[in-house]
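What follows is a pair of complexes built around chain A, which joins chain B in one and chain C in the other.
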Partner chain A sequence: MSSDQRAHLLDAMRPKYVGAPIKRTEDPRLLTGKGDYTADRKPDRPLHLAFLRSGQPHARIAGIDISAAQAAPGVVAVLAADDIADDFKPVIPFSRMPNYYATPIVPLACKKVRYVGEAVVAVIATSRYLAEDALELIEVDYEPLRPIARAEMAVADGAPLLHEEAGTNVLIAREFKKGNVAADLKAAAVRVSGRFEMTRKAPLAMEPRSCCAEYDKRRDAITLYTSSNIPGIVRDAISESLNLPGHRLRVVAPDVGGSFGSKGSLYPEELLICIAARKLRRSIKWTADRLEDVSSSSQAFAEVVDAEMGFDANGVATSLEADVIGDVGAFSIYPWTCGLEPVQVVSFLPGPYKIASYRGSVRGVATCKPPTGPYRGVGRPISTFVTERLMDLGARALGIDPLEIRRRNLVRAEEFPYRIASGIIWDKTGFVECLDAAAETAGYDALRKQQAEARKQGRLFGIGIASYAELTGIGSRISAAPGMPINTGSETAKITIDSTGSITAAFGVASHGQGLETTLAQIVSDDLGARFEDVRVVQGDSDEVPMSTGTYASRSAVLGGGAAKHASKLLQEKIKRVASHLLEANADDIEVHDGNAVVLGTDRAVSFKQIAKAVYSDMKTLPVEAREELSASYTYDPINGTTAAATHIAAVEVDPATCFVKILKFVVAEDCGRIINPMIVDGQVHGGVAQGIGAALFEELIYDDDGQLLSASLVDYVIPSAPEVPLMDVVHVESESAVAGGFRGMGEGGTIGAPAAIANAIADALSPLDIDVSILPMTPERIFRLIEQAKLKAKGQADD
Partner chain B sequence: MANVSVTVNGEVYDVSDVEPRLLLSDFLRDRLGLTGTHVGCEHGVCGACTVLVNGDSVRSCLLLAVQTHGAEITTVEGLGSPDQLNVLQAQFREHHGLQCGFCTPGMLMTGEDLLRKYPLATDEDIREGLSGNLCRCTGYQNIVAAIRSAAALRREEKP
Partner chain C sequence: MKPAKFEYVLPSTVGAAVAALVASKGEGKVLAGGQSLLPLLNFRMARPAVLVDLNAISGLSYIEERSDRIAIGALTRHRELEQSPLIAAKLPVMAAAMRHVAHLAIRNRGTIGGSLSHADPAAELPMLSVFYDATISVQGPDGRRTIAAEEFFVDALTNCLEPEEIVVEIEFPILQHDGWAFEEVARRFGDFALASIAVSVRPGPAGLKEARVALMGVADTPLRLREAEQELIAMELDNRTPQRFSEIVVSKVSPNDDLHASGEYRKHLLAQLSKRALQTALAAKG
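Up next, the complex of A and B:
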């Protein structure tokens, strides 16, 4: 090969689509009202389902009278637990974790209810209006039991048991240990500590959860359309529970209106709607209203962390100790278990720092609330909040700048791979690079000067930093949730060129707003050598690949992208072999780009269309043995996965009159490896940060001591609207990872860093008043109380 | 049961047997098959179901279908088509102003209303105008950019 040819080859091999801000292929349909969300399905004469949900937090069901509801207009069936007892097996969220009790998942509450919002009776009618009318006619006789509204109530002596069979309300307990923490804390020059709380949140996707079970009488088969990000897991679980083989149960996640984790577990409603469709041999639709969605979808966080960190005199963190109690709600979820959220807190508390000794213990306790489950960041928004608060407290105690103390403790470039004290291994990632880039972009020194000026005028101006690292795209060696028996370590891509020459790339991953149809097509186009517009990506459909788990845990770019790269390469080799016959050239001398196979350095070429015709249609062009189907499938497992990291910097001002926090500046410097589509990456960061702002300043599911949800409407559960979210600056430190393509997962990071950065900024702003920030959200009411208390304390000291 | 006669996206619909309690959002989606209008909260907060009734943006989950008898309604289906997006839709695509797309029809209809009625000179004006529409995916930054850009294009058109 001449050097010219080599240069030409290199030019052709250079990625053209990966790295470019390609406009999304999803957009034209979504912008014109042509999306296909679950609630938009129009099956033949569907029936409509409505659930009677428990208004009791904890009660025995003494009796249910459905007779009046059965006689109501339009009602086709009314189902309670007894009516479906023989139609399913409970789904068990199994785990090999010791000290774990797996609460069985059933479609309708059986014998007792354990939270307000739990489904008790299902009414199926000819319209949703009529189904809801009939709900009013159902009489449930409850014998109230003592509610468990708080984690501390669950572990108090004499507490009622939520699951009597478990013998305890502690559903999960674990401890991580490394080194001699007690000795290191004792030897520390400075010790800082606190009791930190991240209140319960709702992931709150804008599309409420929705299911449409489409029944096919000819085959006693069901296609379940569901607003889920784990259609493959839902298929496998329902198949097992209902004894319905996979070829008679297809689960499709069509266009899904956001999830953030709330659509990432198996739900009782998914089981019930399939049971009902089979019983009635009819298609059935159900869409949650907002109250149902908030009070029955998996919720988030809800932990209290008692933590202490020790530093040496140089500001090096030597030791960390934490006791975590997680309020996991009434049930363990499938497949992740109730360990997912609280255990992740102790797994990630040491963060990106070289803390030598560590002890982290966690208990997940049952309360009368909906289960907690995955929510963007899982565990790490609170572990980062705690660790970053402790870093700032340490910096303050030692008189070191918060930026500098992080620089002294972050794992440095030459130290990767690095095993932190909880056992997690960080692969090479730009931790310090992110810190430096964020400081530079934020103009950190100038911000500090601005702060000094503001303080002179008596203004409450603060700057907060948060650095974190996360594991993304994890493979088979690490379970996405501890001890879980399902395989979350691989994903499959199947790419086919059909007889018309067009390309379909099928995946089991399930986009719910991330734009995977676009980004996966970018990868396939580059690695196959196709034109972007010729590639159609199909995803979110259990029929497309034999097994898949879906899109969660920042995995789809790494696992789906890796599978796409490998399958593309395999298919390209087939294309080259066919082209070598057609072009009478050596396969090694053929390059593939823009939908053509070309003999290097010549103008001799055949298009994919001509290749498809030769393989599938012309009986004489190719020898029989050369007519290989133009299809390739690859299941990719990154084994360990890869790290992603970022530093967030926030500047805020607290208005002492209204106690509102205004975010003046927000900077993110993040390392997500090689960027597939910078436009989409920025969008993911913006959205994640906005959710982090919500967690830090506004959002809180408030349950009273009787277990009643007081903030179930969007008036009471306040998510940020446009005026509350500042302009964000996002910079990228693109250090390639070791997985296929060099990608790292990045969908969750925004929500991990933002709460901690804002908490630190508020604490910094309020530091002249000697106020600490240890609970989120910092609502105006909380800030008001803290300021008032600080004033009283100052007055008391003055009086003394 | 009532009869409702409405013009939706320029097309006249005479619909009989409309229950007086039927929400406009359900009427559009279930009776007319116009599922582009999304229902996000059914209590008038999220704005996903926003449509234009006689030129004003309204929440279709807070109106009864019978109240719109004789009205002219525009839904997202009445803007551009997939192969010919209107100016605002095109700017949403250009600026990545949507992710999951669920709030998008409401954002577009509110955006249309804002663009017709206000100069939208600053980002603060745009953000204030959007404050009744919730988006959980984008952090609003790119939605604001799309509307800013559409407003600039509109100003160029009408000097």
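Up next, the complex of A and C:
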């Protein structure tokens, strides 16, 4: 399934564990049902929480009658906004961005509901069944307001306001500009344009969101287990909101069954469950059911992009202009803000290309839907879709092969670091190398021949290419979301050798499927000189490191990995110093590997266990001042971060009988820098591409004009299953980055490239019918309609 | 997403199950494989006061040949039908269709009685029952009666049973045919059909002597196209027959739009599948 073209590193120079296809240490536990998820927590006599959620898209709450629910069997408490008003401060998703309105986040709807699925009342009972029974007894008196179901409705004259205090439904507006786009477009030999749309998606993790607030009466303290990928951010935000200091609030993300972005923001439910636990002085559990998860977790995309690109006669893209409208839903999320997704679209539109002039403007408008938030790829699945469609349209207009036009526009090896027109700086990455490797692996020329043959038989066979670049592992100089006040630029590793000689490496990053327990242990083992099996990685626990923001934005390998490397080196120095006493050798002459400190060129060695004993237990061997605690901590900040890039190539066939798309071939050539674990990298690419196939062909949250979600179950929200995901070839172009370890982030790329590559392949397949692809997903229904329209058009032309 | 409160009974005979339904005064519901009922309970869209579980009743799961018919017990699981050599030999259209029913885990639980009673307009077994002219035996407080498959399905998710009646057996006449075909398009393998057709033919001295056509996914119930069958028999067979047949089939339906497909697209699919199915059936007749 995957080949390896990592020619740049000599095998002999490879470290022992980094680069090795080590099986994930977490898998035996996760695959045999022994994982420990939030819902598996068994605190002492927990209570269970159920939410009454709004069935109204937009309404004033005139009154809430909870009396019958309070009297229902098993009910311990019923809480509405008024009952908790004094228990928290609203959380403000602040940003320094101009033209931004930060909608306050509150645990339960207050005075108004703004989307179907918003939590209005919480019932806490002795079982979830009884809690749900009581929900039915609550009467909410809604005064319906006009719903805002679509972005266009939000900006229409006389539109109702979702947040009156904002004075507008445009929560964020921004523009990026470089050069004179209007003049360059005018001068262009060829101009291509379109209106492109990516519909709304649900991130849809296998494990729905889940919280368990465990209350400690003795200390008025809470340990919140939450299915989150940002436990540190959740801890800090709840601490502030509930005025509960960090030593009485611990937030743990235990095993987490996927996130894809949906568990990467602070949620009202997390605030509410802590408020309730404190009020009732009891432990409380809540797990979203699938309906709640689909209708109240952060959603994705929902953007329409009007874009135009100009080319000179040689196929060099000179200019790009785009107006983006993002349907961001009812609230701005914490900490990323509602600017995260739509602003990212305009900042990444120029992609890996040397487009000289650019204007990209974006508006994020409030609608009666759940907030949009991070989703694997953030903004770039759409920006790549748009830019790559325009590249293909330009290639077609100029009669240049799609592969060749990309080669003429990609930033080349000698041109890095390169600042693209939106201001992003790409550091040295294998853009052209990925393009070439993908074309070679796909057998591009042979594919084109195959296509010519297929076309002769009247078959709809198409080939699509998508190249993209992304920023990963970003440090403190760039904010993970625009203008955000929290620091997302550093991560801490704390590595300790205990008195038994075992190693615990603690991190704030939080794996939700990425396999960090394995990859971080690989790095620590190499850099410390330990045996892999002796290293335990602890992560996702706010008590382990002073501050952390978690795992998102393809950062954990770069930031967590960088911190691991530095902390390991510091600890290794300590080991060498102790060993130099024990072995009576110079510290510089000591080498540490496989859990032993060895005098170079001799067989004189001491094990970590012996070293630990000398430091901690046996008080005779070392002078007092040499008994350094075997622990090191390091907070790593890569300052800028690093680029990651890939080219995806898809070959598809559209069956005109069924209007289904079959993916015949899928190739990814990616540069994620030095590979820590090739099996994990391949897995991330496979999963990301599968998700991208969902965006390209299947997944769509459909809201009607009244703001009601029509595709709220997995019967109607269609995701790709195993038979819909083809075998793929993954090629690694391993060019080392400048950050510690030479890593690059790679968790999101699959989802960035696949939709664009498939869209281009479908457009190529349908090009004999003169059909353009400008909306995703390309469902059979949409393809049917496009083909019907094309037939009508052809008929009309024939009739004329 | 937890069901509302219900009483649970586990009778060991059909008679006791019927008695439990009678005692529930119209508030009872039968549980077979649970694959359709449990989601409805969890969404609280169904809220029976009493759940009568059929799974402890022995003798309700069998596939038997009785001279010119195959009798199938109501509790027979989809997977058993899919794997039965008897079904493969005697009811090949059913054998071909069963692998399109949901996914393996669901086929392991789902039952023929449950599928018919649930009456999903895009489900395979209801369509097969009208295709084969099956008779459905049901038991109620007044004993047994039989219902012709075409009478059984009243509307989408609605059958003609009285609240105290239980499906106990379905008899499928063994159909004499020389060529047949089953075609289905679903969004993903195992999903409910967007459109599907079953066709069988028996050649006569000139043209066809017999023909059968049934559809699903394109109306509120599965459809048996008796008129189209007659028109097909009346046709002269030539290479334009499949196309003409598909036009006839499509002219008999007016499917609604839903989230997964517009009526127009379903008609397009049906046209393609009809053509393909008749081609296959005619080719196989030799």
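One rule holds in what follows: the second predicted complex is superposed on the first by the 786 of 800 C-alpha atoms of A that agree within 3 Å, B and C clash if a C-alpha of one lies under 4 Å from a C-alpha of the other, contacts with A are read in each partner's own complex, and residues count from 1 in each chain.
As a working rule, contacts are C-beta pairs under 8 Å (C-beta built on N, C-alpha and C of every residue); 3 or more make two chains touch, one makes a residue touch a chain.
Only a predicted model underlies this, so the values are computations on that prediction, with no experimental measurement involved.
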Superposition-derived comparison: chain B or chain C, residues of chain A touched: B
Partner chain in contact with A:780 - chain B first, chain C second, else both or neither: second
Contacts of A:289 with chain B and chain C, given as first, second, both or neither: both
Partner chain(s) touched by A:132 [first = chain B, second = chain C, both, neither]: second
Partner chain in contact with A:691 - chain B first, chain C second, else both or neither: first
Which of chain B and chain C A:721 touches, first, second, both or neither: both
Which superposed partner A:653 touches (first chain B, second chain C, both, neither): neither
First, second, both or neither for A:670, with chain B first and chain C second: neither
Contacts of A:711 with chain B and chain C, given as first, second, both or neither: second
Interface residues of chain A shared between complexes with chain B and chain C: 128-129, 289-290, 715, 721, 723
Of all residues in chain C, those that touch chain A in their complex: 1-5, 42-44, 185, 187-192, 194, 259-262, 264-265, 268-269, 272, 276
Contact footprint of chain A on chain B as seen in their complex: 19, 21-22, 26, 29, 33-43, 45-46, 48, 75-77, 79-83, 85, 89, 92-94, 96, 98-105, 108, 123-124, 126-128, 130-144
Complex contacts: residues of chain A adjacent to chain C: 128-129, 132-133, 136, 289-292, 657-660, 698, 702, 710-711, 715-716, 718, 720-721, 723-724, 780-781, 784-785, 788
Residues of chain A defined as touching chain B within the complex: 23-24, 26-35, 37, 39-40, 42, 128-129, 204-208, 255-258, 260, 287, 289-290, 512-515, 679-680, 682-684, 686-691, 713-715, 719, 721-723, 725, 727-728, 750
